[in-house]
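I've put the structures underneath this note.
Paired with chain B in one complex and with chain C in the other, chain A is shared by the two complexes that follow.
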Partner chain A sequence: MDEEIKKPYEEMDIDELIKSQPTDPVLYCQDLPKPSKPLGIYMEKFLNWARANSLWFLGFGTGCGAVELRPLMTARFDVYRYGIAGRPTPRQSSVFVIGGYASVKTIKRIVRSYEQMQGPKFVIGLGSCTINGGMYWDSYNTINRLDHYIPVDVYIAGCMPRPEALIAGFEKLKQLIKEGKAEGANHYAENFEWYKANQKKIIKDWNMPDYNW
Partner chain B sequence: MSHVLILIGNALLTLFVVMNWGLIMGGMVRKIVGRVHGRYGPPIWQPYIDIIKTLGKRTSVIHGVMFFLGPVFRLAGGIGTLMFIPVLFHSSVFANFSFSGDLLLVMYFIFFGQLGMALGAGESGHPYSAMAVGRGLAQMTAFEVPFALSVISLAIQYKTLSVTGIVAAQQGGLLHWTLFTNPVATITAIIAMLGMNMHSPFDIVLAPQEIPIGPPTEFQSSFLGLLQTNRAIFTGAKLVLFMNLYLGGSSIGNGGFAGYAMAIITMMAKTFGLYMISVFVGVAYPRFRTEQSIRFFLGVPTVLGILAILIFWIW
Partner chain C sequence: MQRLIEEISQRYPVTDSKVSRPDQSWITVPKEKLVDILTWLKSQKEFTHLAFFTVVDYLEQGKFQLTYMLHNYKTHKDLGVRVLIDRENATMESIHHLWEHAHTFQREWREMFGIDFPGSPRVHEPMILEGWDGPPPYRRDFDTKKYSEETYFPRPGRETHDPREHMKKKLYPEES
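This part shows the complex of A and B:
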């Protein structure tokens, strides 16, 4: 009998911790994402119209951006009339709104949540911090360009952009979807290795599968 | 053979009418809630666009067999409930598969879909799903008590367990409706309906800001599309059942196109009125906690239900 004496989790370093996790193929997806082929032209046009008019967004309130997301639901701005609604689970939402600067710790969660969304999925970068780092451009702990890590369809500049700007950004996204130009999910699948390399360069404690479904 | 084909055709027609009415009603409710909040609100056809969008998703994730079957059971529960309720009285087209004693089967079918969904949501492994399933089953058991007591009162009053029989007994004018002949049972059942429709203060299952989305948290793409379709069908079926039991149903009269049109319009008006009770209570009251909700249903509504039975027992 060669029973291994298990170290308590607190004493393990990160590599040992990863190895101690169960690697059940049922629990973790081994397949990498594949680009999905569009259906026929007219079917795709019809579906794109539906996708554009039913935008369920997952608000990822990383920075101050979350403050600007909330008034969208209220009587003053009322985005429901444009077919936009919040959906607090990545499984069901189709738009991912990154609300500001993303620290190294947060980008890991952003990547996981983005990969859990079902395609076609779209990303809106809210605020200057997602474009070039904004006022955090030389911070030791935040990323500068969001589209090095996940594909971004629309950027909304400003610090912070007003809810009106956010609505304008959503309208721009609708236009892109209707024209069939918002293919971020396929772009991510096609350039998967490049995105993974960028992500792993910045995320040091990579204790998750390479692709989270 | 042709007899079976006609039955299937009739069933599909009923399904089509009730599903579309349920979806349009869902859209109208969103609009009304929006107006109460002082908003403009989404367009009435928004539920249709949402369903097309979710069905048109390109990828989906399956967590196991029961996860796959959960939405299927839910939809089967919704369609099954509808199939045993005569939607229009006197109509062979909309009578579906109703038979004597169908009321018990309908009450069972209301439970069936939720139990299937509970298993499916359990396999998804999301903690919110498990939490919401626990809350949902607890609340369902609680509101089933006043509803069952009210139905027993009707069974004593009309001496039948057939929905068609109960509707037939209410024909002949406004004052023959159960609403006027047995008001205590009606009030009890409408309070139970508030719990069934899952609007505030009884929206503890899909509780926004608390355990948002609830059991279907992990369901996406076409699974969610099935659940959204079922919500329309199931809501329609439940409201038609309540209309039949308490508001006199809707009769096609002498038949013909005019008779059918009038009956469908009557059905829409009555179900809409019933649903508005839930919606208005919903926009006016905040959410109960689970134990408050259960205590509520086992309190005054249960006493009213027992009273409704006693009145007809002693009569």
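This part shows the complex of A and C:
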């Protein structure tokens, strides 16, 4: 049946060796993000209730505000009772907490992590730096407004906000999700060109795989 | 320390010197002699540790001041070797052959001040700023506020209050 007998690699010359390699495997998604349609009123209400009660956030300390995420998991604050848990990878999480200032180098990783997260996904901007730059408002290398680069659902003001404020922010996010107002991922997909234009304005060299770039 | 400075002055041209503490002193030397002096201090005088290496921008004089801070572990004395170089086409000899970790400092000064260190390993690679195409940001003629306003979408509504006036108005409104 299989008439073509495969030569062992050691006997091949260089041209045959190149031909025998698989051609350009696509290891990442090249499609543009698509807005997802709601599944009907009652189904969507049920799903939103379920989503709101298991918020898994990405444990990626993007700025100094990430120190306020650690006490959340301790016995004193214990956010697990609210259904909030930290996850180590963007693929498993639904909430992205941007902890404080984001430099250009970090925003590159933030955008990539945000795009890797599976929808429905929500973003909490933690600290003044994400709102208007905070104390780094005139810095040459930190962004001023996070909502120009990724859609933000809830901002928590403060420098730094206490863990109680963070819990209040998560509660606010829950409320928004239950009301069906946390549509950041759809907004991102619909205004993809605008977001990408803003990102490209500051990120001059994208040294990661061409992920929708 | 004074004895050491005298000994250096006999061998090399030292334009300025100062003993700031019994265990710390500073000398200023010409640019061409710097690597010679550092080599001599490291090999003969046991200043084996490069503690830090900093740059100050003297915009008014058109100079960069480079400071190489050396430490002697035997006597626990610090010696700062300073050198002034021109701001225009700033170039300095690399010292990565004396202290290997100096190339990290040199990469940073290349990026932040635009000082070239020919021959230093990976000196042209970006270190902190990825894909930066503006002027070197630590130079004092770089207007960081203007750059930020042009680049990063400032949110309108930021106000600045003089704390004294603000609290006066808030606490004693009838007086103001």
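The rule we apply is simple: the second predicted complex is superposed on the first by the 180 of 213 C-alpha atoms of A that agree within 3 Å, B and C clash if a C-alpha of one lies under 4 Å from a C-alpha of the other, contacts with A are read in each partner's own complex, and residues count from 1 in each chain.
Quick note on the criterion: a residue touches a chain if its C-beta (ideal position, glycine included) is under 8 Å from a C-beta of that chain, and two chains touch if they have at least 3 such contacts.
On a predicted model such as this, the values are computed, not experimentally measured, just so you know.
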Is A:Lys108 contacted by the first partner chain B, the second partner chain C, both or neither?
-> second
Touched partner set for A:Ile131, first chain B, second chain C, both or neither = second
Have a look at where A:Lys181 lands relative to chain B and chain C in the superposition and call it first, second, both or neither.
-> neither
With the two structures laid over each other on chain A, which partner does A:Thr142 touch: chain B (first), chain C (second), both, or neither?
-> second
Thinking of the overlay built on chain A, is A:Lys200 touched by chain B (first), by chain C (second), by both, or by neither?
-> neither
Do chain B and chain C touch any of the same residues on chain A, and if so, which?
-> none
In the complex with chain A, residue positions of chain C that touch it | 128-134, 137, 142, 144-145, 147-149, 151-155, 157-158
Sites on chain A touched by chain B in the complex = 36, 46-47, 50-51, 53-54, 74-75, 78, 80-81, 83, 85, 87-89, 91-92, 94, 118-120, 185, 213
Please name which positions on chain A make contact with chain C in the complex.
-> 104-105, 108, 131-133, 137-145, 148, 198, 201-205, 207
Can you list the residues on chain B that touch chain A in the complex?
-> 30, 34, 37-43, 46, 49-50, 52-54, 56-61, 212-213, 216-221, 224
